[in-house]
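Shared between the two complexes below is chain A, which pairs with chain B and chain C, respectively.
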Partner chain A sequence: MRFLLRRAMHTLLILVGASLVSFSLVNLAPGDFFDQMKVNPRISQGTLASLRSQYGLDRPLPVRYLQWVRSVINGQWGFSFAYNSPAGPILWSRSGKTLLLTGVATLLAWSLALPLGGWAGARPGSSIDWLTRGTVAVLLATPELVLALLLLLFAVRTGYFPAGGLTSSEYVPSGLWDQTKDITRHVFLPSICLAAGLLPLLLTHIRTAVSEAFESPYIEAARGHGIPFRRLLLRHVLPLAANPLISLFGLSLGMMISSSLLIEAVFSWPGLGQLMLEAIQQRDFYLVVDTAVLSTAFLIVGNLIADVLLYASDPRIRTE
Partner chain B sequence: MRSRAEIAVCLPILLGPFSLIAGTSELPLTAQPSSSVCTSISSTEEFLSVKGEIGQCGGRLIISKRSEPKTLNPLTAIDNISRDVIGLMTADLIHVNRDSQQPEAALAKSWTVSPDGRKYILRLRHGLRFSDGYPFDADDVVFTFQSYLDERTHAPQRDLLMISGKPIAVKKIDAYSVSFTLAQPYAAAERLFDSIAILPRHLLQRLYEAGQLMNIWGLNTPPTQIAGLGPFRLKEYTPGQRIIFERNPYYWKSDAKRQRLPYLDGIAAVFVTNNDAEALRFESGETDVISRLSVANFAVLERDQQRRKFRLYDLGPGLEYSFLFFNLNDLSSDILPSLKEKQSWFRTVAFRQAVSSAIDRESIIRLVYRGRAYPLSVQVTPGNKLWMNRSIPPPVRSLPRARELLRQAHFSWGSGGSLHDAQGQRVQFSILVNTENVQRVQIATLIQQDLKELGMGVSLVSLESHTFLHHVFTSYEYETAIMTLVDPDPDPNTEINVLSSKGGTHVWHLKSNNTPSWQDEIDLLMQKQSITLNLGERKRIFDRVQDLLWQNMPAVFLISPDILVGAKNRVGNFHPVILGDYTLWNVEQLFIHKEPGAERGS
Partner chain C sequence: MTLGKVPWLAMSVLAICHLSVLLAGFFAPGSFEVQNRNLAFAPPTRIHFVDAQGRFHLRPFVYRWVLRPGSFAEYEENQQIGYPLHFFVPGAEYKVLGIFNSRQHLFGTGEETRIFLLGTDAYGRDLFSRLLYGGMISLFTGLLAATASALLGLVLGGLAGYYGHWVDEVTMRIAEIFLAMPWLYLLLAVRALLPLHVDPQATFFLLIGVLGVIGWARPARLVRGIVLTAKEREYVLAARSFGAPDLYLLRTHILPFASGAALNQMALYIPQYILAEVTLSFFGLGVSEPIPSWGNMLNDLQHYLIWGSYWWLFSPAIVLVAVLLAYYRLFSFFKVNSFTF
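Moving on to the complex of A and B:
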């Protein structure tokens, strides 16, 4: 319990730091949300000045920061100038979609990486090992953006998959099953793309961890006792290799959130990434700060989950 | 309902992404014509009968938008996407026909103007109802204008309704007549009524009294709390994905067969991230109409027209113009000290004319726009048929003329062909561009090459759009810049803020202590045309303004790109225009062909 409390305090401090940095950096960028209106010949300078004042853009930065903190505590997360509404509800509806995409992609990446990497580590030089290393090389050499565009082109040319979005354009909800099928068709290509970005890292780490575990004296001894290979791998090697992999799992969650920003833009996925991009382009001040803080929070939570799992799986950490 | 959607979102994670993919092609990807039956109009309503092909009722049109609307509040909407979407649900008293570009009766069936041009009396149609079934009358009109003019609302359109600094006085005469009194005569005052969405007093009066009108009709407002007089009403909004509209059963327009419009059952607008994603959705058949194509996407889609059963349209130049302008602001010497010397060149008319003469607009059109743009001498484009001054010659590239002009202005060429001013200073300057607009960066690169032939050293500075605007409008830290403006309406009144020295978008000289005599004349002429009621006289005045711009070139006008749009063959009554959002101006008349082979082009 004390461990969790300590970690929660660390998380809070990091989030405060991230919010301060985001606030200052966004404020340093020249221009504001209302600049775009200056090119509209029908809007006068007086109207722009009164809008700026109404939204509090003429107040000092510390005052705005404190107001934002207060609104975060109230669950409003500041105010979106573009949407003319509290930012909180906008963020929550988008976060769920980003978590869906990254959740599916993480599951996909780990489901492929664990058996492939584990086998390659257990049997170095085997055909699976060569396949794994080849896959890693190809995926590392292919930028995610190129892969995303290729997949999108495939979708448009063949018509097998939709060209972006979360649901079909003309989708009328007719049942849970149809909704699930529709969302699955849409999540497939972007999650493949995201998973492909993470796969080389996972494969390399899993292969190395399993390979190192196999070389440990404890496993040598087990092998000497005649324990069958499959039992050896599943019961002894994988638990031994688990610690670095659990840490990697936490890291991968955070990485997925960052990578999804690009993929969401390419596939018109209505998640946080697209929202953040739009907010930056429009200088929607609080929404930019919110998305930056939220991305940081996801990264920290990923690591927190990994720490908790490590705490649960490794008695040495509990003792410390 | 919501919990079911949430479960649907979670299920793919639980079931795994692979298990459900096969056999999903049964899901409808595009609009299917439904079997809706058109309703006839009632005798108690004063309908507006519109011309056009008689359509078939039913079906849903799917369009794309480059981002989601930010609000559904007509009073505070600023961005084009919100305004387009609101336009589907609302109507105005007098509407500028996007095809003829002329004002015509809408909710007001007729209007009269007093001899001095200051008082307008509008007669409203009888028996009309808002989309929630509540009757419409003069109280709604008075309430609407009160709301737009209320300072607490911060409506951007309030400025439009202030003539000579005074608000238009609105008074109810009877249940179906309203008078509007202007502080002074205003040319084309009918156009002021366009896009002022009439609001439902019965829903909003209480909020108006509480000073809360600026917070109404957000994206999460329940559809039952929103009502308008447009052809559609809100049905459903899904954050980040789409917004769906259904037919307004009380709409007040009919076709020649006295069938109530709109023909469509509804419209679904899906949100995409950018131009390319929009083109992809259209190509894959997920959307029925595309409103603004880039030339690159137009070229790609053009090849697939027959196979994929859609048609693309090049409507020619719209009201958008790109121009190069010089920093002519009167600045203190601490802002870009080097700028002071360069401003002596920029303020020389012959220098600006030489730059204009040296720019090869035809190459810009050929290389950047693949031939789909028009060269400009002044800011009025050929799309503005009524107001273009046809006596101004089209721009022609002439390096000998450019050199002659520079020679006359005491510039000379050094060894190696570099250009120097009378003080021996090498002529070098930078062009500021918005990095997000690829075409503008390409234009700047071509201009850099063109001016190099004159011996000018030109460098490019590309900045992200807000930083670009900050430099141009606030800090004035730039030497020259390329920008694009779009006139929302062909009438010269929309240009006052650009051309008058006191205007907020007079970008080349926002900060002025003194102005040249020709600029003073432009100021006077723009003011004069705004109060001249005789159309011929106004045209002569605005022609003179264009002559002055052409002779003195405060900015070098470059090109106007063509408007490129597309629609599936099965969309009936599709007649795109160069105004507004180009494709949906007659949305109430659009329909989906039901019989195979009945479409355009088949």
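Moving on to the complex of A and C:
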């Protein structure tokens, strides 16, 4: 319990730090949202100044930071000038979609990598091992951007899959089943792309972890006792290899959040990453800060989950 | 200790790529910004030895693409006039390494560019020339920014490790924050603090600066750890007891120790930063038109994907993959662990 509490405090501190960094970085930026209005001759300097003071943009940085923190606690997360509404609701709907995409992709990547990498580690030199290493080499050198463009091309040319978006434009809601089917079709290509970006890392680590576990003396002994291969792998090797894999899981969540920004932009997936891109283009100050902080929060929570899992699985950590 | 087979192929791919983009003006037959509005999406020019009459020519030549009447972006060869291909021909003027002017091109058809080795883009600009000029930005941003990151990490990590106490505390806490943020989001947040539209020359240095800054934390952490152990070594203590000043100690005895780790991290950053530049320019937050970069060329690809199969628009992607493959092959040869990031 003390362990968890300490971790949570640490998380909070890092989040505060990240928000301070991004708040002051974005604040250094020349110009704000209302600068674009200067071009319009019908809006006078006075109007602009009063708009700025209405939204509190003319106050000093520390004051604005504290105001922002208060609005985060209220669930408002500052104010989006471009959407002309509190940022909170926008953020929630957007991050839900990012989590959907990354969740599906994580599931996909791990369910592919675990059997493939595990088998390759258990039987080095086998054809599965060669397949694994080939996949790693190819995927490592193919940037996700290129892969995404190729998949987009595939979608456009064949028409089997929609080329981006979350739902079809001609979509009429007709029951939960149809809705699920539609979203599944849309989530398919982007999640494949995300999963493919993660696979080299996962495959390499799983393969190493399993093959190292196989070399440990007690596995040797178990094998000497005549325990069948399948049981050996599932009951004895995997638990031993679990620790590094759990840490890897936390790491993979973080990488996923980061690269989903790119995939979202290519597949016009209305997630957090796309929101940030829009916000930067429009100088929508609070949204930029919010998306940066929220993405950090997701990453840290991912690591926290991994820590908790480690805590549950490894008695050595509990006694520390 | 043997290092295994030397990856000559990977090394030569990298050498050729870097050399040819550095001397882009010489290797490119044309300019990167001259538009041929009547030649949008022209396919790669065919190089002939045998002309329409069936006669063989020792010197290769090209025909000009002309628009097929009544069509959009469908071309046929005008077989009336052939343009012989020469090596070392004078052509459009360019700057070598940004310093002196030259008109020499490796190959071409004279003053006007009529050879499009990789076809043209939506504005009828020569894609091969753009690929070379774009590579100058994409490849060297990666290289220079990685160097900047490693240097910054070496200095900050060295100071933190050497002076300890509050210097160490502050530096490492900030490093922790930088490491905690998803790096693409961090990249964009840092990019957001700079003006949206910068003139192309400044963009190059701006990108190097942005990338260099966001990557300092990882090498700094590594270096700090090494410095912590290095400063307790006996010869360092001895030098200190002889009254060596801090700066001298750091420079001659301690930092050389850590430079290996910093170099390792720098190598890992190069492909990552090349991709980062490509990504930023793809989003329109990096190098902007008409200056090419592999990123904004790929952005073209996204826009014109639906128009049909202009496969030559994929050439930046193919070169990018080749360069990355070569880098990773080199890493596995030099035992740089490519998964520490």
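We adopt the following convention: the second predicted complex is superposed on the first by the 317 of 320 C-alpha atoms of A that agree within 3 Å, B and C clash if a C-alpha of one lies under 4 Å from a C-alpha of the other, contacts with A are read in each partner's own complex, and residues count from 1 in each chain.
The definition used in the following text is that a contact is a pair of C-beta atoms (placed from the backbone, for glycine too) under 8 Å apart; a residue touches a chain by one contact, two chains touch by 3 or more.
Values in this document were obtained by computation on a predicted structure and should not be read as measured data.
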### Query
Which partner does A:Leu299 contact after superposing on A: first (chain B), second (chain C), both, neither?
second
### Task
For A:Val156, select first, second, both or neither according to whether it touches chain B, chain C, the two together, or no partner.
both
### Task
For A:Ala209, select first, second, both or neither according to whether it touches chain B, chain C, the two together, or no partner.
neither
### Task
Based on the superposed arrangement, let me know which partner A:Leu145 touches: chain B (first), chain C (second), both, or neither?
second
### Message
Quick check for you: in the superposed arrangement, does A:Leu28 touch first (chain B), second (chain C), both or neither?
### Response
second
### Message
On the A-aligned overlay, A:Asp178 touches which partner chain: chain B = first, chain C = second, or both, or neither?
### Response
first
### Task
Scan A:Ala265 for contacts with chain B and chain C and give back first, second, both or neither.
both
### chain B versus chain C as contact partner of A:Gln54, first or second or both or neither
first
### Query
Which partner does A:Leu277 reach: the first (chain B), the second (chain C), both, or neither?
both
## Note on the structure
Footprint intersection on chain A (chain B / chain C) at 29-31, 152, 156, 163, 265-266, 277, 281, 283
### Query
For the complex, which residues does chain A have touching chain B?
29-32, 35-47, 50-51, 54, 82-85, 89-90, 93-94, 96-97, 100, 103-104, 107-108, 111, 152, 155-156, 159, 162-173, 176, 178-185, 187-188, 191, 265-266, 268, 270-271, 274-275, 277-278, 281, 283
## Note on the structure
Residue positions on chain A within touch of chain C in the complex are 14, 17-18, 21-22, 25-31, 137, 140-143, 145-146, 149-150, 152-153, 156-157, 163, 201, 204-205, 254, 257-259, 261-262, 265-266, 273, 276-277, 280-281, 283, 288-289, 291-292, 295-296, 298-300
### Query
What residues on chain C touch chain A, complex-wise?
173-174, 176-178, 180-186, 188-196, 275, 278-279, 282-285, 298, 301-302, 305-306, 309, 314, 317, 320-321, 324-325, 328, 338-339
#### Entry: Partner chain A, residues of chain B touching it in the complex
4-13, 15-17, 19-21, 24-25, 27-32, 60, 62, 67, 70-71, 73, 76, 78-79, 151, 154, 156-160, 214-215, 218-220, 238-242, 268, 270-274, 277, 280-281, 283-287, 436, 465-467, 469-471, 473-475, 483, 485, 487-488, 494-498, 503-505
